[in-house]
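The two complexes that follow have chain A in common; it is paired with chain B in the first and with chain C in the second.
For the complex of A and B:
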């Protein structure tokens, strides 16, 4: 028997049809990218763990604050500093046994075109009675060793925020005066003082630096673990936000969250409209009357203000918002237009035949009417997805949604709250916006391509 | 007694229209024996399809009233409630092949599913065994398994008609109503379908109600022929007598308008149009068009006269009326 190939009404066939159009190829390309991104996010970062990490600011202390993406420096034309974890370059020098005294020497080269923003030293120590005492020295590339400060640790875990210790400014200023002959003419900060050269101008002294940490322990068995970090101005593929969190996490997790929100809302609302429309058109009379009046009431309700109000009263998570969006658009224009289609279809002979061979009302609704009126509904469904993605972003931007979810809208809101554009952190706003627009474009184009397939008249236009 | 499988008693069906009440079927009396084929012939709009759908209780929305009784296997069905009727009678006892098979298949279901639908609905069969049975019955009507997995639009008209017939047979009903099963098909396919129907009837001992406007196809299949005009059965007779000795003026003129193969005759059409069913003419409803019209025809509606063995007609011709 000849196996005749059936024309494609499978998923494969539909995709094949879509790919015949340029917009289709474009849309499918972006969509595949977004889906791969989502899959990657879901596989590499489990949801619960991500949410926990995203909302725990302590975890990100070793990241730079508001760092721009690494690739951004290509456009600036400067070599921008990345994070340098100095503990890699450590050398230990045993000075004496009683009292136990160890000198840790971190030697590293600094060849970037900008000053680093911060230098933090994280201490973790274990002691019996009194905490160890630390002396800190700083050696410039020319070999000058400057004594910075001496202090004993304040607890088992302690952090020195070097750039915040005001008195260091005086130490460094007098060093500069000694070398140059006058106090610096530019506003001096600790970080500038540490890395400035001896020309009298604000320029970076490139070369090998050394950080000395002279630790004096109180007891023989006391130990210490030191992690000095020189923060950079660039970080990762997407940069970091004001809480030092890598934006790449939110950008990655935003894809599955926002797309599933959009698809979930569009799909369930369309299906509900379809079902209500079909029931309304098929049963007619009283049921029709009730559904149509409900539809008119729902069409009159102002959707966005209503959702904003509900979100204000009940701090909504993204999933509760999905429920609210579905409930507030249970009946809508879809019910009206699809009911008109049902009224057309319900008098076709095959429906009468179905009635004759005893199909129940529900069977006729779901197996005979809905599949028949489905094709014109599908492009609308696809096109309505970005609307819901944007809705989530807008509500996040208004600050009425649960702030713990790493969505694209949430990043824009954070950026907005922290004056990203005013401070020049354009990446912070542009990255999530780009993802939002990409999603919107892909679904809109996919919708157009499907529209051409199910409405063949459009092909000629 | 048990031989009579379908009995219709004084069935009247009327519809509500904007112009008034329209009597589509009026005082119809019919009997159908097991294994018998009854042909109902008549012009378009004479109430054939209304009668057929009435037997299945498929009334349109503007139905006004249904009077009379219909017995299937001795059980009255018009008084049954909707759900019992749907479950117990439709398709399990009586099924129907619809006019225009092209349109009576669900475009989104595969053929095999479409045929299996009645089984799934009525017998509560699971999909696999229903499909198996559907494929058996499809091969019985000459549709190979290869085509069973296709959608209706991929089939030719004749094949669709076969599918619809397979669907009507799948629940082993006793009565099959064939509503113009061949009218949309070409002559050769028509002949094929008619042969198929004959074979199926013999094999499955079915009773047919065969509705058509084509008298020629009737002669092949029917044991009994009923002629409908303006909602009434005007003549009912055994097949042999129907062609040789028609008793009603309408039947005579109708037969004159049909070409025959062996005799050379001039065809005559029936002048005029069927009467309005909202305001039917007084007396015999056919009298304005009848070439044998008499005075009494215009005044008094003729009763059913006995014209021979099991041969009844509503016509004054050949009757002694005074």
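For the complex of A and C:
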């Protein structure tokens, strides 16, 4: 074992020294960014509410599914559609009073380079006996008005998924056939049929569209609330997942969860190792023997399979898992290396002096020995943090961790489960990975910078 | 056997039927040893685990159709060892060679580069694997995203081996990239310490060629700790293999574990954990022997 020189740095001194290195500034900069992100997440989105929102799929119905982040479209060089809530552009027109008949006209312009993926119309109506009957028309920019369908609502709350109504494909195909002269040569879907131009190619007709909803009520007092949404391909700064949830929530909340998990595990394990090592080195004899044998046993435990097994059998939450991780690495290599340090320090004059004036064993262990061997331990502490952050990701990846927590590992797992790598939803994997890498790199660089300071032997090399 | 519907017990009253059921439950509990206290049960389990008496799986079968946990695991173990021992061996020689070179060219550009980039190794191999799949499969479409061989597998044994090799490229390179800088950095530091020894200075002063100094005066005395390092890397490679196998769909022990997790097949999960413990303990034991063989200073 290499002899580690014991330097006399205090914590404050270490931080001051770290800032003298470029790498140190870089690492601390990223770290501050992550901490600010965590604070922002905790303040703006209360934990309980976030967990509730994250696990409630009904809340997100009005978001696009698997939408890529807005900034991504800059790289593609195309103008990709965002969500358009058509109820903003509504005009009401009374047609008759008996029976009560109102026409809602939504006129909007569509100038994007891609077809929108979905058009859903959410109805909420209040009726006495029979639901209102709705006729839907679609007007293309050239003024052609196409009758799409007629139906009565199926309940007080009803949603019309326009892109899923197969019948419409025929309606739109015959319109295109009439215009172009032949049946469309490309595979036609409803959304393509709605937005394609009359050139015969699959290109978008840019311009002003109108959606007509002709509602015939059964009773004078019946009312209706319509919210048609034209879904986009891009959403927010982070995009959405397969359940239409905005990834930004999980990316933000992943920071406090993952970092506190990593720091919590690394800190408590290192402190426990430190205490065991000091006790083992200071007391010697039988206590030393017991602790060293325990350490050897723990070093032989297959850590990862064990943790996976425990968290699977007991359905652990992330905080209970933290406890399990600490318990399964209670003794480890740290105990061995730090005990060697204690043996070096043990016979220094100031300890002799403490013994001479009758300091108790506990006082010597906690006040004189541990502070002395702390500095060389700090780099390892910091460097071990990313390992635990990745451990969280591993456990999420195996699906053994609490699925309700919005962590980075969880997003990667969701992405994998839904074939993001094969379907081309790269943002879904890259965003949480980027955050993980940022965290890992910042802690690693910080740890290495501290290492250079507290172990000056390395600096000379 | 159904008691309530069975015609055999038709004449029984409800009371008698319930008694019959309770008796059967009690017998079954006794048969499985569940009536014993937890500690005693633990000793039984420990004994079974030590004797590799891993029992039968609940749902899973091995490729040959056996439900014995032992067979399921032993069938896949060679594949894990094939991939990850190869990775460890490649890493070992790569780090040794480049570390030695850098230690001799201390202070050069590459030396500094390695020192600065060494923290990138905190990112584990499987994580690099995700990016490699992204680049070489999803984007460039030149390498398979995972698996062991193409389906259907080639019949020609040479083509078969080449095909397996092709599937090994991505996982192997993920591991090599992950360990690259840190591995070289630590070997370099290690050799730097050894190359400041007096006998190395003497050898250089004598005018021995660089190669000989490297081999005889630096590498040879440093061998025991290097071997330890290697053995420990091999062990940890099998553990880290769990995730890499899951990512790359490599049909080894790790995949067995992740499938068992999916099916909640408790005996297999326990079995895999036991096998890992055995592998770990076995390697450490082997290490003790090797150590005494190569280091003459250690005597039993």
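Everything that follows uses one rule, which is that the second predicted complex is superposed on the first by the 447 of 461 C-alpha atoms of A that agree within 3 Å, B and C clash if a C-alpha of one lies under 4 Å from a C-alpha of the other, contacts with A are read in each partner's own complex, and residues count from 1 in each chain.
Keep this in mind: contacts are C-beta pairs under 8 Å (C-beta built on N, C-alpha and C of every residue); 3 or more make two chains touch, one makes a residue touch a chain.
Note that this is a predicted model, so its numbers are computed, not measured.
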{"item": "First, second, both or neither for A:40, with chain B first and chain C second", "value": "neither"}
{"item": "First (chain B), second (chain C), both or neither touched by A:52", "value": "neither"}
{"item": "First (chain B), second (chain C), both or neither touched by A:426", "value": "second"}
{"item": "First, second, both or neither for A:289, with chain B first and chain C second", "value": "neither"}
{"item": "Which superposed partner A:308 touches (first chain B, second chain C, both, neither)", "value": "second"}
{"item": "Between chain B and chain C, more extensive residue contact with chain A", "value": "C"}
{"item": "Contacts of A:368 with chain B and chain C, given as first, second, both or neither", "value": "first"}
{"item": "Touched partner set for A:71, first chain B, second chain C, both or neither", "value": "neither"}
{"item": "Where chain A meets both chain C and chain B, residue numbers", "value": "2"}
{"item": "Chain A-touching residues of chain C, taken from the complex the two chains share", "value": "106, 116, 118-120, 122-124, 126-127, 130-131, 133-134, 137-138, 145, 189, 192-193, 239-240, 242-243, 246-247, 257-258, 261-262, 264, 266, 269-270, 272-273, 276-277, 280-281, 284"}
{"item": "Touch list for chain A against partner chain C, complex", "value": "2, 23, 300-306, 308-309, 312-313, 383, 386-387, 390, 393-394, 397-400, 412, 421-422, 424, 426, 429-430, 433, 436-437, 440-441, 443-445, 447-448, 458, 461"}
{"item": "Residues of chain B that touch chain A when the two form their complex", "value": "53, 56, 58, 86-87, 90-92, 95-96, 98-100, 103-109, 117-118, 121-122, 144, 146, 150-151, 154, 164, 167"}
{"item": "Of all residues in chain A, those that touch chain B in their complex", "value": "1-4, 6, 9, 348-350, 352-360, 363, 367-368, 371-372"}
